[in-house]
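Once you scroll down, you'll see the structures, which are given as structure tokens.
Below are two complexes that have chain A in common, paired first with chain B and then with chain C.
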Partner chain A sequence: MRITLHVARDLLREALARNWVLGLLVGITLVLTVLGLFLRLDVVDGAIAGSKLFGAMLFDDIVSTDKAMRPVYMVAAGIGFFGGAMFLAVACSDFAPSLLSPGRIEHLLSLPVSRWQLLLGTYLGVLALSALCTAYGALGITLVFGFKTGFWTTALLGGSLLGVAGFCALYAAMLTSALFVRSAAASSAVGLLVLVMGILASARAPIEETLEPGLGRTLFHYGVQPFPRLWKLAEQCIRLAGDENFNPGLTARLVAGSLIFSLGMLAIAAWRFEKKDF
Partner chain B sequence: MTAIQATGLSKSFPRLFGEPQPALRALTLSIPRGSAFGLIGPNGAGKTTFIKLLLGVARPSGGEVQVLGSTPEDRAVRARIGYLPERLHLPDAWTPLQFLASVARLKNVPVEPPLLERVGLGEATHRKIGGFSKGMRQRLGLAIALLGKPELLILDEPTDGIDPLGRVEVRRILLEEKARGATVLLNSHLLAETERVCDRVGILHLGRLVREGTLQSLTAQREGWVVKFTGGGDPAACGFVPHADRWTFDRPDVEALNAALGKAREGGAWVTEVLPRAFDLEDVLAEATR
Partner chain C sequence: MTAASKRKLRWPWLVVAALLFAAGAWLMSGSETEKLKKEKKVTLPRFMTHDERKRNTGRQTIPVLPLPAGPEGAPPPPAQIRDPVLAAMPTSVKSGAVVIEANAIRNSDLGNLMIECVFTGQADTLERMKDAGFDPLNSLDRVAVADDALMLTGDFSKTDFPTLMRADHQRQFGQNSELYARRLRDGGTGQQMGVWKGQVLVLGDTEGDVTTVLDRLDGKGDQTSPRVLTQADAYGEMYGVLKPGPLAAGLAEENPALAQLLEEAASSIKLHADVSHDVGVVAEIEGSDPAKTQDLRKALGTALTLAKLQAEAKGNKSAAEVLGFARVAQARPGSANFHLEAGLPYEFLELQLRKCVDEKKKRLAAKESVAQ
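Entry: the complex of A and B
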């Protein structure tokens, strides 16, 4: 495990030196700074009396703080889940192809490192990176609104963890695809495809009803079955962030689905990696 | 004691259409511990494939290979090998010290900053690798290969991109490593470098080991003569081949040489110098791969 963690740590360090990661962190910091400096919330006795951004009035209804904050956190969770997944699917697409690039993979394999350790280390490193980015954004929003309104909640941080649970399925498929075709574009496309299939898998029953019985419906039924239900997971992430009808049992099953899909993908990746000549 | 023992080693790469492409064909080779072995051959001869099989980066299609007494899959064995690939990929945003530390952690050996000084990167320890020249990158690769005092050094074109003075330094380091007792496997297109560092040489051609032996035994063959003529005549008609300002005679037997010389003299040529033809590694390679 020590070597796996070294590989993950090295990947994280390499990622943090890349421009796009710095760009993402700077972007999140800018949004948080704008919210922190230019959003004015007038809180009176636990209720928001008015809110202004850059001095312009946004709302002047008197709403209790927790009620007012719910939709904000829900929107943030939704954007974080889908926006984060899409951004990371593109931004992290280069890691596995770069790991497998000539001159690098031969050197890594010449070291006393197992192939599965390299694979797992890369996977964990990317997951740690996604957790770091989403946790940074979620923590920042929680702190900004917490200080401004006095309403403190860890719900958005919990939601960010569900976002990472969803992304782990995407990246497992991306990593596996890179072992078959060493291409960042293909890897990214596979990640986005899993996201789309995960959304379709969440609405399998209603979509099936719209299809004529026969081959098409059967293909759709079995085609989307292996994919984790990512839309449902996003829904629970949003509900958790907004503290609204969150279902822990269903969420546990959805997270388990995402993890099982990831493990399946990683098993294929490990099999392929062990067999592959470089 | 052998450092590398390959027996009937073969490797073919599958192709989408048609027969698999053979890269190594039944190679049998033994490299003694503590020796410096030079692997030479034209492009596509199978040298890099052989190195990949030694490191477990690729798996053999047939035969077997033992490295330091075990298989390349054995992680404990790989910890005792230092390897410099032909084109080492380096993280541009890191410093050499950071990269050295990272590889040291993976090899589970202590970080050795003096290694950077040894390869001539003492001044660049804290500079970003992204700003390094090709030669500096190669020096860093060499430092990485030397980490942990490996028992076997496998170097693929170690002086590629390094300036002539740097090459002398690299050669000195390789000789020091050999003196320490390490086995050196050198794959280089620079034959002069191989001649200066290695005591044994193997020539690969089309996946086959076509020559193997000590440098002396390979180059000491007198398979011909070099003759200098003055005057007229037509030495070419007597079996001599023009070579710069001299003529070569490719048959080794003295009787044939004297007969040809006699014929040339009859034609009006004067013999001013006759020397046995001294073969260097370039001649051996050309002859072996002809």
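Entry: the complex of A and C
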């Protein structure tokens, strides 16, 4: 396990040296700074009596701070889940192909590291990176609004980190695809495809109703079954962030489903990796 | 171990993958159709619905304006038809005027529970009313209050008013009305009652309270001045206008600063409540000075938030939940009016009404066991 963690740490170090990771961190910091400096919240005795961004009125209803913050945190969690998944699917698509690039893979395999450790280390490294970026953004928003309103909650952080469970499935498929086709574009496309399939799987029942009974419907029924219900998971992340109607039992099932799908994908990756000659 | 045997050992990965996909599919199967806990929502009466407009049109039954003579040769203009309850309203009020759509509330989703809560243990009163030919559960349409007068509309065709009111004095008033009174044992007069065309029952403390309303129904007095409630206000299951004075007096002990501000800043409060499923209330606070009403708006908003925080701190979840539905809406720029919205979700009301019924039943059972 120590070796696996070493691989993950090396990947993180490599990621931090890349411009896009720094760009992402700078971007998040910029959004937080804008919110921190230009968002004016008129807070009176636990109620928000008005809010302005760049001097323009956002809303003027008087509602309790927790109620006013709920939609803000829910939108942030939604953007974090889908925006984050899409961004990371593109941004992290290069890690596995570069790991397998001629010269580098031979060097890595000459080290006392087994193939599955290399695979798992890369996977965990990318997940750690996505968790760090998510936590940075969510914690930043929580701190900005916490200082401005006096209302403190860990709901957004929890909801956002739960979203990383969704990205687990995406990256497992991306990593596996890289072992078949060593291409960042293909890897990224597979990640986005899993996201789309995850959304379709979440709406399986209503979609099935629109299909004529027959082979097509049966294929769709069984074809989407193994995919994680990403839309449903996003819904729960948003509800957790907004502290509204969160269902822990359903969430546990969805997270477990996503993790099992990821392990299945990693098993295929291991099979392919063990078989491959470099 | 040979290279061939090493190669052989790779297939278990595929078996593991297949098993994991199957397990995942089984685990997640059905999760996409899992019903989420129903969100508690409240319907707020912010405008008149199509059904309410239709209902109001159907109620315009009495010509209350005397027909002015048309110019020579021209046909007389059509008589202005009004809703009797709105026609009976004064042009101004001291404390308030409110109309309750009793029949609509009776037939609402919680109507049966409300009836049970009100009438459990009141079987004698209900029986007495039915004996007098009046079934309040089915015959009553609307209840209206305007300062000291109470008006009831509905089907009174089979009602024996003297029996219902235990009246011992009866006289005709004008062409369309009858007055009833009950003498008290000490010689004074008790509650006064008037019936207009067998359609509107008017109750008051003094004969003057009753006859004023009956006169308005007959079209006497100033008919051109707008009534305190008009057709445009008639939506929701409860609507009306309140003067801030009585509300401020009620608040004075708990929050004297807010009470004073309410009295100073608000000139009247227009209310609309939707009781069709849950209870949603929209109050339009009208003032004359935008700066003062803005202060009142902030004070009300923070008072509601503080009350919610206090309820949460005390662990009073239901109160905190109810207060969470309160919202002080923004005022239009330069306007001295603003809206306050509040709600009681269906689940909360159902629970409270069931508690009310259970408690009344328990009290009744205890009373009966003591009597035996």
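Heads up, the rule we're going with is that the second predicted complex is superposed on the first by the 278 of 278 C-alpha atoms of A that agree within 3 Å, B and C clash if a C-alpha of one lies under 4 Å from a C-alpha of the other, contacts with A are read in each partner's own complex, and residues count from 1 in each chain.
Quick note on the criterion: a contact is a pair of C-beta atoms (placed from the backbone, for glycine too) under 8 Å apart; a residue touches a chain by one contact, two chains touch by 3 or more.
What you see is a predicted model, and the numbers here were worked out from it, not measured in a lab.
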Review point. Quick one: chain B and chain C on chain A, clash or fit?
Key: fit
Review point. Between chain B (first) and chain C (second), which does A:232 come into contact with in this model arrangement: first, second, both, or neither?
Key: second
Study note, to complete from the structure: Superposed angle chain B/chain A/chain C, CA centres, nearest 10 degrees, is 180
Practice item. Determine, under the contact definition given at the top, whether A:101 touches first (chain B), second (chain C), both, or neither. Key: first
Exercise for review: Give one of first, second, both or neither to describe whether A:204 is in contact with chain B, with chain C, with both, or with none.
Suggested key: second
Exercise for review: Name the contact category of A:1: first (chain B only), second (chain C only), both, or neither.
Suggested key: neither
Practice item. Determine, under the contact definition given at the top, whether A:254 touches first (chain B), second (chain C), both, or neither. Key: second
Review point. So, A:264: does it touch chain B (first), chain C (second), both, or neither?
Key: second
Point to revise | Which of chain B and chain C A:277 touches, first, second, both or neither | key: first
**Study point:** Closest Cα approach, chain C to chain B, once both complexes are overlaid on chain A (Å)
**Key:** 7
Review point. Which residues would you name on chain A as touching chain B in one complex and chain C in the other?
Key: none
Revision key, fill the gap. Residue positions on chain A within touch of chain B in the complex are 3, 6-7, 10, 13-14, 17-18, 98, 101-114, 277-278
**Study point:** chain A to chain C touching residues, read off their complex
**Key:** 44-47, 49-50, 59-65, 67, 201-205, 225-226, 228-229, 232, 235, 244-245, 247, 250, 253-254, 256-257, 260-261, 263-265, 267-268, 270-271, 274-275
Check your understanding: Quick one: in the complex, what on chain B touches chain A?
Key -> 13, 52, 55-59, 75-76, 78-79, 81, 83, 85-89, 91, 93-94, 98, 102-103, 105-108, 144, 154
Practice item. Spell out the residues on chain C that touch chain A in their complex, using ranges where they run on. Key: 7, 10-11, 13-14, 16-18, 20-25, 27-29, 31-34, 36-37, 39, 297-298, 300-302, 304-306, 308-309, 323-324, 327-331
